[in-house]
Each structure stands twice: as structure tokens, then as C-alpha cells.
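As written, the chain order gives the labels A, B and C, with residue 1 at the start of each chain.
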Amino acid sequence: MILARFLGPRVFILVAIVLAAAILVPASNLLLPASHPLHVPSYLVPLFGKYVCYALLALALDLVWGYVGILSLGHGAFFALGGYAMGMYLMRQIGPRGVYGNPILPDFMVFLNWKELPWYWTGFDQFWFACLMVVLVPGLLAFVFGFFAFRSRVTGVYLSIITQAMTYALLLAFFRNDMGFGGNNGLTDFKDILGFPIQAGSTRAGLFAASCVALAIAVLFVGWITRSKLGKLMIAVRDAESRTRFIGWRPEYVKLFAFTVSAVMAGIAGALYVPQVGIINPGEFAPVNSIEVVVWAAVGGRGTLIGPVLGALLVNYGKTVFTAVLPEFWLFMLGGLFVFVTLVLPRGIVGTIDHGFDAFRATRRARAAEKGEAGGQDAVPNPAE
Amino acid sequence: MNRLIPWLLLCLGALLSAAPGAAFGQTPEADPAAIVQKFGGKQSFDATEAVVSELAATGDERVARALRALRDGDLYWRKSDEKVFVATRKGDDYEIFDPLSGDSAGTVAKGDLEKVRVKNSIRNAVTGALGTLTLRADNPAQRMRAADTLFSEGDPEMVAPLDAAIAAETDPAVKTRMQEARASAVLVSDRPAEEKAAAAKVLAARGDRESLNKLTAFAAATGDAAAKKAAESAIAAIESNIAFWNQAQNVWYGLSLGSVLLLAAIGLAITFGVMGVINMAHGEMVMLGAYTTFVVQEVIRANAPGLFEFSLAIALPLAFLVSGAVGLVMERFLIRFLYGRPLETLLATFGVSLILQQAVRTIFGPSNRQVGNPDFMSGAFDVGLMSVTWNRLWIIVFALVVFAALLLVLNRTPLGLQMRAVTQNRRMAAAMGIRTPWVDALTFALGSGIAGIAGVALSQIDNVSPNLGQGYIIDSFMVVVFGGVGNLWGTLVGAMTLGIVNKFLEPFAGAVLGKIVVLVLIILFIQKRPRGLFAQKGRFVDA
Amino acid sequence: MNSAIRWMQKTAAAATIAAFGVSGALAADAKPSGEPIKVGILHSLSGTMAISETTLKDAMLMLIDEQNKKGGLLGRPLEPVVVDPASDWPLFAEKARELISQDKVAVVFGCWTSVSRKSVLPVFKELDSILFYPVQYEGEESERNVFYTGAAPNQQAIPAVDYLMGEGVKRWVLEGTDYVYPRTTNKILEQYLKDKGVPAEDIIVNYTPFGFSDWQTEVSKIKEFGSTGKKTAVVSTINGDANVPFYKELANQGIKATDIPVVAFSVGEEELAGIDTGPLVGHLAAWNYFESVDTPENQDFIKKWHAFIGNDKRVTNDPMEAHYIGFNMWVKAVEKAGTTDPDAVIAALPGTEQANLTGGTSKMLPNHHITKPVLIGEINEDGQFDVVSETDDLVPGDAWSDFLPESKKLEADWVDLKCGNYDTEAKKCLGDTMKSN
């Protein structure tokens, strides 16, 4: 309950729902018979898992965009790097079960006549090493990139565009077959993770639960950061960077911290995503994907903890439904949704609801004050505050 | 239309030379009229090729007409009697001509004729045969082409006929080519070494890659020291020549790529650079311009084929209007609610871009649409060793003209003045009586319209498909940001710099790595100059 | 706060209802003549690949329509289920899963790019369904659940190179987009050319990125390489979008087919529809089908296609024919098996014969590839191809190339060996492609 008071009841409920889903969805999928009305069909489990990973990614972006005001158009890159690290582990787990039966080399290296594993693939047969890389590679890239960019005071659209350049350059690089990451086809045909067959229902359920737990921890973590003193500083940097600097803080370090933490979160999301979808390829680096992440956060409401999670779930759910029901017209729906949200719900869904509540409460208080006593001017909150 | 012109020229040329002229190597018993009929009936490619060499062996200049028709796919045989004709489309039917004399033989239905099948090797055989046949043709362009063919072939047998042709030649340009062709033949002949050394000098003067290859082969094969030395010094001269022109070519390619980037980005320099709208639908404005060109060409093809040469000129204002109108609608119904919230314009315009893409896909279908090049945009000419294609040249010129016009609009018209005023200080401008919403709308429409114009140009070199815009949007943003937001000159310099750097990297880094390096350079450059090449200065920059 | 919670609960409930409602709505659309057999169509209708794949979706709809006119299959109507995987490779896997698990389709026709096929493969294996893949591809694969009706490299690339060698070509430019199909094809061709005695300095291999549009440098490089006096040809595995600017640049720099012919494996009638082919006359393509082939079957197919699509100018192409063959083979196999059960149909498919549109009879082989004729065509002025060479017999598709060291020893046979990658040296089935049933 302390947590609930600290983060507000809504966030608490979100965490509770996510954790409940982590238990209930797998349980209903594995335990209930298929005919039972509450049974979650097997194909939905990885689909939901994918949504949850996207939600985690959106939350990561929200940490830098919503709270620090850095619009990153390159978060897909961190997501994909985390995914590749996990993918490399999964590739090594295939072992001699590839089509050529080569115990060391992945299939794509065999048919391109590679003779030995490139040095950067060493260690990825160990799960712990892959996990380390999932965190380290995106984190390090974000740290180096952010260190130079924030130190040089690259801000606003300039920063957005160079993050886009970063993911675009990585996209082109990973497309190259000479890079040794499988080129356009990427990494696929995974067999098992930590010894569990990746196609099995229980593995899927476990991965789904793990994604939910990761999301719940991330929500709590971001909530904790943003409500700490550091969080106040982040918001100060977002709202008035120059003033924050003049007061004596170093905004670049605040930004660097948030950017790096956010990249690590994105990397973890990617790592959880890959075993559930079964493929990682350079398409994940496409700038358009990163823009979509921004869109999720904006639809849900940036600068809130619930918004990005909700936005990611809603938009992706909509995409799933419309690509099947209206295959020829779903882009109209999706495009229309973005336009609608910016015009009608500029704060996003959650932001608009909050705003509505605040306005409602303000008027009610104002009315109550008017009724209470004629001279009670003090009770009316000054809107300018 | 395109197909007809050379054909008419050919008829004309043939009529003029119809009188059986002095031909060399003529065998009296071969009757070209009989041989040409052997093309009739279904037969193998080998048989057709044999007929070509038989015809060429007659040395009769009249067979040139039949051979050229064969190469261009205009030679047919009638199904009823297997007689061979040259045929041209006339409405739904075909008008047929005698393959040698060119006399009209009436019109027949399409179904009555069967085309004489050709393939590349036959076309090559025809070109070779025509080379010897047309060395003495009346048309200097034909003689020139014949000389060039002979130059590539380097056939020692041709030295004598070339000597005769050179003696009779009056056109100095053609004469030079013939001398080069002779030199190329001499190098591989068994003539004396001094003559070969002289020939090497002629090739050195020509100085292109083909000469280099011929000289290299000669230098390796010859036993004569003096001739070898002459060849080697010629090779060295040509190589340094080529190295110089390679650099020139890189600069040219860079400028050409730069002008494409400039065209793609210049509209964005207005909507994004001047107005601060992160306009993700910019690429779709370019696409709309390209589709406008397509529609204009379709209408022209259907109704007034004669206007095809002017299709681009007609498409330009229309593309400006179409994209401009879409931009205006966007601004009035969407963007104007979002001023001061630049990042939200990203979201909304991204939505618009999806809708426009899908709309075009629904209306025009998902596949590429054909936009033709008018004749003045086709082909290439040589500057030194560099071949300059007309469409690239026109695009560079066009990009610069658009740039200049835009500068004029911004700096020399009342609208431009108001635009600058509004972007620099909106409230002050409003206080001075400028109708800022109106100016905003027009500025956005202008930026979009220019993107539409760019689409007309890009339709000449790229796919016209719903994905056209996607291919340019990222590069456009890079150019604008690299050059400095809000500065047109920055966009110009930025586009050209990126183009040239890219083209100098490409030959040794490869196309993919080259592009990656450019992106990394942009990222590093922004660290050095966080506001681009030409940073905007002033107190409102940080706002 | 309570209202917020209630709202969220409501949304969640609504979302769940919607999720199941969708499947219900689709299933409800049944026809009177018995339970329909559903056929999944998994082709991108948006994104970068829509350009090629949308036509295939229409072709499938036409084939299904034709079959229904003939009385359906097993007395039941066929019902197409169209989804849009949007050129997004993970989405292909998701949509495949949806088609099989939720819509319960009997078979799926789909995919274009190799990566989309690789993405859906595990899904088809896991859920044990059938995929018909209609596009020429790099080979090096044979899966129990997949039937490859497009060309393997030995049914396209090698005959094309043979043809050019016959035409006297001595120098080779292998130009491709940097992805797995060109990489593998060029590896095979390089080995093949070297085996035929072409020296290494007479071959260059070059790769460009997807959607590459500035071909100036590349084309001038080709021009330079081809100026040695030895006959030069370009073997192009350039992918869809990049082709139009490539050909435009070729034409503008004055490279004619008679000087340096380009033979392409990914350029068909559909791609040429976007280019003025006047300057390209004589450049080549190698396919297993051309619209210009004059057979009664083909005339009939084209006529039906024009009527179905309502546009006389729409062209037909090779992957459409592949779907035509694949669909009819599937129909025959279902009729033979008397059920749409995947295992029975997979068992019934090898050996199935179907007349193709170029006058021969294609046969499904035990390696799940089919026999096809190889045609070499020259581009003509109408945006069509004139066939200049044709193999005497149908060529059987070879899953594992003989020109790659690692795959030489592999063999695919799902009838006797029950294995997609049988090692003929070690006499055992590699990997875990083997399925126990």
C-alpha cells in the first residue's frame, strides 16, 4: 500500500493487472480445456507477449520523451540490438540441428561459405553472456551517442534527426550480409531457449509471464525514478533546460542517465520479443518502426506511466484486427487514428482523461466554494498556478 | 512516335541513294531481292543470321533498308505467301513496303503478318554488316556510326576500304573517326611496325578506355621494341587522362545526386525548415507530383500524342497546384491547430502520409506506373571521357532554377516578406497587421507545391509507385538538418555536399558502406555544429 | 478514481469481445452448399512489397472463384481469407498463425521475399499446415510443409548463363541487391562460371542496397568493365524497386542490349509495366513463363484474368503461373486424398501433375519443388518478352545446389527418405527437419 500511495492508485492497478495477466493468461491457456469460454487460445499467447514487449518499449521511450523531453526517433535501434543479442544466443542453441548439420556455424554462414564463427559471436552460446549483452550493447551505444550529443547541446529536432540517422545507418549495416548477422533474413528458425523447446506452449507461457513481469518492474522503476528528486530534475530539464542549467544543475547528465536507462529498457524489450515472434531481422531498425513507437506513446499519453502502455496495446491490437478484417483499408484507419488523436486528444488518451478530471474537479471545487460562502475567494484555486 | 523518326530518316536516306552506286566486293550472281525473301517463313535464329551474312556479302547498298528494318523489328513476312515486307503500324493495320526499294505495297491486317524473329546476336550481325555497307552513305551521321562500329571491331580486312573512304570523306569530324577506325584495324594487322607506331599515336589522341584496351592488347602482343614503346607512352598518357576524368565524373555524379537531394528537400526546407512542422507527409507530396505527371502523360497519350514532348512542362504547374492544394487542405484542417507543438505535427502528418499512400494505392494500384522520358531528356553526350546524360543535366538545371525562384519569392515578394516576418516573430508580425493564419496556409501550400514540382523531376529517374515518397523522406530531413534548419542556402550547400561526398565514397567503399559513412559523418558533424551548417542566429532560436 | 478503473475494465472487456467477435464474424459468412473450405492468402497489400504481391492476391481470388464455378472442392465451396502482413516480416508469422489457428484455413498461398518465408516457416512446421510459395528463390531449403512452385536456381539462373555463353559472352558482371537470394545465386553462378573456365578477373560481383536509386556510378563501372573488347553481360538479381532506375540509367548512358546485355531474374511483365521499354529492347530475362507464350491454356488464362480484374492492360507474370500450378495441384491432391487434412494432402501432393501454361506438364517432385520449362526472353517494345531460347525438357527443381560445397551432398526426398536435408555421404538426415509422423 505504500507503493500505491507513492505511485498513485492507477499505476498500482496497472501493475496489478499486468502481474495478474502474467499468471492468468498462461494458466488459462495451459490448464483450461480448449472448449472452456475463458480459455486463451495458444496463438494468442505469443501475440499478447508481443504487445507486452511493445508496451515496454513504449514505456522506455516515454521515459526520455515524456519526462525529459528528448524525442528519440531511434529507439527501434536499441530494441533491435537487444533482440539481436538474444537472437544470437538462440542461434547458437540450434547447434547441429541446422539444415547443414554444422555444430558451430548458423545456416546462413554455411551457405555463404564462412569457415569459422566471427569473433563477435563468441560467448553467445552462454545465456548469461547474451543477457549481459542485451543490456550492455544498447546501453553502451546510448551512452556514447548521448554523451557526445548532449555534451554538444544537440537538442530538439536536430537530436531527433540524428537519432534517426543512427537507426538508419544501423539498418543499412545490418542489411549487409558481410556483417555476419544474416543480412535481410536476419536470425530465425530458433529451436530452444535454456533447454526448453521454443514452440512449446509452456515455454510460450513462461516467456509471456516473463514479459509481463519485466513490464511491471519497468513501470514501478520508471514510477520510482520520475517521482524521486531525479525525476523532478528530469521534468525541470524538459520544461526549461536553460533555467535548470543556470540554477547549477548539469542537464546533460540528467539526459544521459535517462537516455541510457531507456535504451537498456528497450534492449530488454527486444530480447523478450525475439523468442516470442521467432525472428529478428534488420527491418526492426527501419526508421518508420521507431516513429511508430513515438505514435504509441503519443496515442496513450506521454508523460504518464499508463499512457504508453495503453497506447502500445491499443494501436497494436487495432493493427492485428484491421489487417485481418479490413486488409485493404487498415492504413486509412491507422492514419485516421493518428490524426484524430492529435487533433481531438492532444494529450493522448490518458492525458485527456486526467485533464478532464482535473478540470472537472476544479469546477466542482469552484462551485462548492461559490455555494459555501460568498466571500470564500481563497478556496478557488488560481488557474494560473 | 519515337520509332517512326529514324525510320522516316532512313527512307529519305535510302531514296537519295537509291541509284545503284559503286559498291565494293559485289558478286554479280547474288540477287539481293531473292535473298531477302529467305527471311520468310518460320525459321531458326541461325538460319536468319545466315541470311544476314548472305545479304551483307552482296555488298548492295539497297539491302541496308531491309537489314535495318530487321534490326529494329520492322521486318515481317506475310502468312499467306511468306513474302517479306517492311511494315509500319498505320492505325489498326500495317502498311507494307518492299524491303529493298521501299515502295509501298498497300495495307494489311495485323493478323496477316508475322514478325521475323531477331535476337541480340542477329542485331549485332546486322550492325556489323551495316558498318561496311554504310561507310560511303550520304548521311554523315550514318558514316560516323559505321566508322565507330569499325573502330570497335578492329578488323584488319577493313584497312583498304577505310583508306578509300577517308580519301573521299569531306566532313572533318567523320574523317577523324575513320582514321581512328583505321588505326584500330592497323594495330591488329600485319602491317609494318612504323605504321603501327603511328596508329598508336592516333589512338593516344583519341584517349578513351576503348583505345586504352586496344593499346594494352597491342603492347602485350607486339614484338617490335619501338612500336611497343610508342604504345606504352600512349597508354601512360591515356591513363592519366582517364584518372582526371574519373574525378570529374565523380564530381558530376555528386552534383547530380545532390540536385536530386536538393529537389527532394527544398519543399521540406520550407515546411520543416521555415515553419517548424515536422512534415512526415512531405514524401507523399513529392509522390503526388510524380503521379500528376503520370496522369498528364496518360491524357496526352490518349488525346494529343503530339504534345508528349511538352508533357513535363504541362505537368509542372499542375503538380504544383495538386500538391499545393493538398498542402493547403492539410494546413487548414490539421496543422494550424498544432502550431507551437512541433512534435505533434510529426504524429499527425505521419497519419496523413499513411492515408495518402494508401489512397494512391487504392486509386492507381500498387504497381509502378510508367512515366516516359521526352526526347530531350533521353540519351547522353560526351564531355571528354565523361558521358553526361541529358536527364541528369536537366535535373541539375531544374533544381537550381527552382532554388533561385524560391529565393526570389522569399526575398523579393510581399508574400515572402510576410513569411519571413511571421516565422521570425509571429506576434510582432500580427501586430503589424499581417494576417498570420493566411500567411501560414500559403507558406505550407508553397512548400508542398514545390515538393510536387520535385515529384515531376523525380518521375524521370525513379519509380512512380506509392512508395516513392518513403524513399526520399529520410534523406530530405538529413539534408535540411545538415544544412541548418530555416536556411535555404544551407539546404543547397547541404544537398550538394552530401551528394558529392557520397559519390566520392561510393567507388571504393561500395554503395551501402558509402551511405553508412555519410550518415555517421552527419551525426559527427551535428556534434560539432549542433545547428547545422548555416546556423540560424537570433534571440528566438531557442524558443 | 473508481470511474477510471471501471472504464479500464470496460475497455478490457470490450477488447476481449472484439477479439473473439472477429473470428465469429468471419466464420458466420458461410455459403449454403456445405461448410466452406478456407484458403489463406498471405500476401502484402501495403508497404514495400505490395507492388508485387497485390497482383498475386488477385490471382488467387480469381483461381478460387474459378474453382467455385466448377463446383468447389469435395462438393464444398472454397472461401478465401485475405490478410495483410504489410511487408512486415514478424507480422507474416503472426498472420500465418492467425490464419491457421483462428481461421482454420486448409492451406495458405503466400509470401514473396525469402525473409517472409523464413519468418513463417516455424509456424507452418509447428501447426502442421501447408504453404505454397510461388516465387523464384535461392534454394537451399526443403521443408515438409512447404511446396515451392517458383524456380530454384537451376531452373532459372544456370540456364540463363548457359544461353549467354552460347551467345559468346566472356566477361560477367553479377549485379545484385544485397540480400540472400542474390548472394546465394551469385555464389552458385560464380562457381559455375569458374567450373566452365571463366577466369576470376573476368567476373565482378557487386551489391547495392534495397531501393537503390542512384545508379550512375554502378552503371559507369559496368560500362568500363565491358569496354575491353571481350563480350560482356550483366546478370542481374536486382530486386523490384531498384530496377526501374537501373534500366533508366542504362538507357540514358547508352548501354544497348547489343553491347552489354542484361539478363534479369526478378524483372517480369509486371515490373516492365513501369518503364518505357523502347530503349531496353533486347535485354533479357529468364523465367518459366512469359505472357507472350502462345498456347491455348495461356490465352484462356489471360482472358479470364482480364475479365476478372476488369482491365485489359493488366499483365500476367511468372509467379501468377506458379500459383496457378500450385493451386490446381493442391485441388488435385485434396481430391485424391478425399480430405483437406494437411498430412493426407502433403502425402498426396508429390507426383501430382498439372498442365502448366506454356504447353508442358509440371509435376510435383518428392523434394516439394516442381518441374518447369526454362524460357529466356528478350524485352520487346510492348513491355513483353520474345522467347529466344527454351529448354527442350522440363527441368526438375533442385533444392540443394550442386555448386555450393556444403549443399552438394544434400538431398531432399519427402516420399522415401522422409527428409528435407539427407546427407548422402553420412547417410543420415541432418538437423531436425525430420518429423516423426
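Note that contacts are C-beta pairs under 8 Å (C-beta built on N, C-alpha and C of every residue); 3 or more make two chains touch, one makes a residue touch a chain.
Each chain and its UniProt protein: A = Urea ABC transporter permease subunit UrtC; B = Urea ABC transporter permease subunit UrtB; C = Urea ABC transporter substrate-binding protein.
Model, not experiment: these values are computed from the prediction.
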Closest chain to global C-alpha mean, per-chain Cα centroids: C
Far-end chain from chain B, centres as C-alpha averages: A
CA centroid of chain A to CA centroid of chain B, Å: 46
Intercentroid distance (Cα basis), chain C paired with chain A, Å: 35
Mean-CA-position distance for chain C and chain B (Å): 31
Multi-chain contact residues (two or more partners), chain C: 45-46, 178, 207, 209
Residues of chain B touching at least two other chains: 357-358, 470, 512, 515
Residue numbers of chain A (touch at least two other chains): 172, 175-176, 328, 331
Chain B-touching residues of chain A, taken from the complex the two chains share: 71, 145, 148-149, 152-158, 160-162, 164-166, 168-169, 172-173, 175-176, 242, 287-288, 291, 294-295, 298, 328-329, 331-332, 334-339, 341-343, 346
Touching residues (chain side chain B, partner chain A) in the complex: 272, 276, 278, 280, 334, 337-338, 341-348, 350-355, 357-359, 362, 470, 474, 477-478, 481, 485, 512-513, 515-516, 519-520, 522-523, 526-528, 530-532, 542
Touching residues on chain B, where the partner in the complex is chain C: 2-3, 45, 73, 117, 119-121, 123-124, 127, 152, 154, 209-210, 213-214, 217, 249-250, 253, 256-257, 260, 357-358, 361, 365-370, 372-373, 378-380, 387, 389-392, 460-467, 470-471, 503, 506-507, 510-512, 515
Complex contact set, residues of chain C against chain B: 45-48, 50-52, 54-55, 167-168, 178, 206-209, 211-214, 216-218, 220-221, 223-224, 227-229, 241, 244-245, 248-249, 251-254, 257-258, 261, 270-271, 273-276, 278-279, 281-282, 284, 378, 380-381, 386, 388
In the complex, chain C residues that touch chain A: 1, 4-5, 7-8, 15, 18-19, 22, 25, 45-46, 82-86, 88-91, 93-95, 97-98, 100-102, 113-115, 118-119, 121-123, 125-126, 140-141, 178-180, 183-184, 187, 207, 209-210, 404-407, 410, 420-421, 423, 430-433
